[in-house]
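The data blocks that follow each hold one structure.
Two complexes follow with chain A in common, the first pairing it with chain B and the second with chain C.
Right after this comes the complex of A and B.
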């Protein structure tokens, strides 16, 4: 072993050198002048650190903001464990990278949750006409991928067209209609007859149709979110003011949360997101609508970049019939509190005990 | 000979330079043309009701439009500034909010005939008719001039025949509406009129449950309120057989089909009829 490494043989072993690992002697007393394992590790660690930092310095000083950001992101902590200084660093890094990438000044916000705020959402299911304006407003605001190939077009809100039922006296004790919402025949890959309750891709000339009612669904921002329970890297969590958010940098794309969500609210970027420069919304939030990368999961976050600054989410602002309502659940004067007080309210799949903060109501 | 060579060299250089300049100009021309052409086409989209709440797209600051419009349906899809072109709403009974926190977009300027109505014809001193044209029942009189100007008038679908023009429009000041006590009400505050009959809706609207507001969501924040007639057509609230308050409109495009799915017909299948 020793004759293979002539430069390492000799008395100058105590210095931090480029020598590879010395074979550990069976008897420590037999070789008293040699470096101990601890010394060696310390020296090696310092060396590797200095070389890493040197590379980092080289990378961060390069013109390519993208490469520098990627390098620094390798050492970024989970967002919840970051100090305010580290968050600020991450913010500046991302602003530089996005501004470089999209050719305009991009702001990445890191505003924290304010005390006394618990966001809540209400939707008047009688009023909804199924025009899908909320779906497309969400895309315009939240920098989703909008390509044309399969998997490149991501929308967070789904509008389900439900058939209008009616109460019939003789069927009152029959319970839930048989077969509804259940796959019939086939297997998981080729369903012979899939029975769905709602139509997702309806496309009539004019809405609302006479025999239909519409039910928009998106992330319900549960108080007990199943997606948070299953996340193996704990990158998705509930913020103090209500919304369940994702730190995209820590997402590993395992899609456990997509399977756990009972409301089909989560989407994954299977491809590199297609986001044209001119359509990119430059007002972003770190936990919200900043451009995502390939292989991360994303979902509705109640437009954190707006709502943290007191503004209505984008879907609320465009709803032409005013079916969507947003407010502070802790404020008895807010719209949502008044609805909870005065109207008939239900929550989707309440039996699952997820406690959504998204309420459906009707007059 | 040497002189000639230098002259020719200079000439060649100049020619090359000229060629380069002209080429640069040619290259610059197509790039400049779209930049000039882009702002010339005004994009109009409607906010809530087609034909009544149009808004013109413009840039508030570079690269930041006041509103984004849907390319398929022409609907407003995104607000850059929710308070663009608004004025204070004015007094509203039983509503305690600071002045300027509630704003509306004035409707008066969108009503083309409004400046004329109260001054040219229905000014209280206009031509007197003999015999008086007030009809016996509550059915609008078929006045040809009015029918030509207001198309909804021929088939008034509001109140199922129980109300007619002068229940809402002021008798002598035709560019005003009329409230409980016969006092004129501005066209910008139709809620004071509509609340006469639809009191429950007025209460819900005041608390933010009915209707639409945009701006700041906190209860003390500045909001733009949408008034009744921005969403409902008062002359056609029933919308024919549908009998609902909101007219039908074209929906935005449906979501993408997954890979390998030809159409979405399977969604319409139901094993059990219901």
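Right after this comes the complex of A and C.
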């Protein structure tokens, strides 16, 4: 029987080579029952209370063809520990389920990181006009939850609107703290400059506004990501070509990564994401924009479904003023490398030693 | 083996029998537990949207209770330590009751973990060999030390009861070393829980090395405060007599751990508010509100009043020596710390968010019901565990004895 093989999961980073190659199973689309049985047997030892609850939920809909797929998904391994065959199986399973669910042909890409590639991003804060086309393009491209209830709507990019602020003659006598007489005067300012006290829910007639500057922010794809360190199941990790990704099927929803992120880049799916069929983007990547499920964390991944095939992320492509630059940090001829070489650049919250690969610069 | 079956049969038979007061108490708790099961079902079909948590404030009432109850579990060591390290006579008699409380608290912590998780059906992902254990994650360490503590307390507590039941002498050769390990382990569970939140520079309100000692002092105040209350109830409702000396020592421990906790809180207030950097925004939000959002302000000040009030009452001899009045400051200290270390510590860590957004959190009905249900479940098993333990200590459950009947 197939389940004579020992389970391959373990604490090591990459055990794929230790795993005996499993016989390629029949195409799950052709024979869903067989998959169910095999995975059921393999799961024999995993029957914790939690699994039982999940299985109970699945049993009730066993006449549904999707049940077999969900069953198999429930017991699949951490993506990094899967053999190429298992990855392929998982991919086929998902493609079948998504295509069925969204009524169109959905492709789930599993392209790996290419050698010689380290993705980097640079953003010209002088040029940003705060139009937020990047935000909307990102939502459309990456299948984020639309929704209207609190916490249901998810956007990975925030464009912070910051007031320019100024020192004023009339305020020369304003003290702080006012009324206590500890410090009088010397408080003629309103907040100014790049502080993280901006507002990303703004609704102007037109942009840019005279009294504001804009600071877009999203996942910084840190070289030393604090979110990866705190993950108790290692479901989030840095890919070899740079982006920090999440295996949505392995995430337990503990939200430690969200607490650890100094840039508020991560979102929790508080419910099943609201994703209308007609708006669903069928070109997806396994570690990227494939539709997520309830209770898992998600974040920006620099559009792996695009960037692994030599295309720009959606936000870079849509930016009307060319403020966003993306490229290979290892290639000295790339735009990003040239910016790092010639411009004044800074990293956000550099004092935290997270070493973002997302740089801000100005002309 | 036959002895073991008899032990199980006698134990279960004893704890199942009781007066109408006992059954009424258990029935009320069961109602809350049913409510908890219902909201747990809701949470795992609709998702966390039924709670007040969002991507801005993603740890709430559940995490707060989790942190607090780890402290209660660790607090049991305030009985075990004097009993075994100082050979305190009164404490030694009741040490096993402390272990029962620790078992209960750890089980409640695990239930709050379940309630907190977005995908509790995937919990096995963190348990080897099926899942992956991460040594770099504080949450991983926390789960490990908590489970270890649970096992240590079950082993110590039930081995002791087993010996009392069979009348065999305790084998101190291995029992005492395990007890000493359990004592140190108690400190470790709360230290690791403090590290869980204090190792995140992204949350400046938590990012200070005072967190572990604050956790320990508040734990060693709230834990024994609860134990004193339980001992009062035990003295009143059972034939078992908890010595005055044990309660007096616990009172002293509560008083001075509470005093230290207040001191540490005040130190933090001075350090943070004197410089008043952006990193003090969380504390400022907690104390006075931020940008007009003030939901936590009453919580904070009620915690301050309860804690300082309890401390003052403990210092008044009339209160601490009169066992009729003693429950008042104990309940105040317990409630004050529950607020200060729960909602008052966890929620302001998220306000403002790392990008400066100020949001508010308030627990939803689902969260309140779930929390009440888990506490009810805790009291449910605590009642059973204490009843069984007291029955054995009294000699009402004994190997070869007549089928015992509880009062």
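In this section, the second predicted complex is superposed on the first by the 266 of 363 C-alpha atoms of A that agree within 3 Å, B and C clash if a C-alpha of one lies under 4 Å from a C-alpha of the other, contacts with A are read in each partner's own complex, and residues count from 1 in each chain.
As a convention for this text, a contact is a pair of C-beta atoms (placed from the backbone, for glycine too) under 8 Å apart; a residue touches a chain by one contact, two chains touch by 3 or more.
What you see is a predicted model, and the numbers here were worked out from it, not measured in a lab.
S.K.: Which partner does A:210 contact after superposing on A: first (chain B), second (chain C), both, neither?
M.R.: The first partner, chain B, only.
S.K.: With both complexes overlaid on chain A, does A:310 touch chain B (first), chain C (second), both or neither?
M.R.: Only chain B; A:310 stays clear of chain C.
S.K.: Identify the partner contact of A:328: answer first if only chain B is touched, second if only chain C is, both if each is, neither if none is.
M.R.: A:328: touches chain B, not chain C.
S.K.: Between chain B and chain C, whom does A:338 touch in the aligned arrangement: first, second, both, or neither?
M.R.: First partner only.
S.K.: Tell me the contact category for A:202 with respect to chain B and chain C: first, second, both or neither.
M.R.: After superposing on A, A:202 lies in contact with chain B but is clear of chain C.
S.K.: With the two structures laid over each other on chain A, which partner does A:108 touch: chain B (first), chain C (second), both, or neither?
M.R.: neither
S.K.: Just to be sure I read the superposition right, which of the two partners does A:158 touch: chain B = first, chain C = second, or both, or neither?
M.R.: A:158: touches chain B and chain C.
S.K.: Just to be sure I read the superposition right, which of the two partners does A:74 touch: chain B = first, chain C = second, or both, or neither?
M.R.: Only chain C; A:74 stays clear of chain B.
S.K.: A:300 contacts which: chain B (first), chain C (second), both, neither?
M.R.: Neither: A:300 stays clear of chain B and chain C.
S.K.: Give me the intersection of chain A's contacts with chain B and its contacts with chain C, in residue numbers.
M.R.: 150-151, 158, 195-196, 198, 200
S.K.: Note which residues of chain C are touching chain A in the complex, please.
M.R.: That would be residues 44, 46-49, 51, 53-56, 58-59, 114, 116-140, 143, 196-197, 199-203, 278, 349-350, 352-357 of chain C.
S.K.: Going by the contact rule set out above, which residues of chain A touch chain C in the complex?
M.R.: 7, 9-11, 45-46, 48, 50-51, 53-54, 74, 78, 81, 149-152, 154, 158, 160, 195-198, 200, 217, 226, 229-235, 250-256, 258-264, 266-272, 294-297, 352
S.K.: Within their complex, state which residues of chain B touch chain A.
M.R.: Within the complex, chain B contacts chain A at residues 47-49, 63, 68, 70, 75-79, 82, 204, 207-219, 221, 226, 231, 241-242, 244, 246, 248-259, 264, 266-272, 274.
S.K.: Show which residues of chain A lie in contact with chain B when the two form their complex.
M.R.: 104, 127, 129-133, 135-137, 140-141, 150-151, 153, 155, 158, 163, 165, 177-180, 184, 193-196, 198-208, 210, 278, 282, 307, 310-312, 314, 316-322, 325-328, 331, 333-335, 338-339, 342-343, 363
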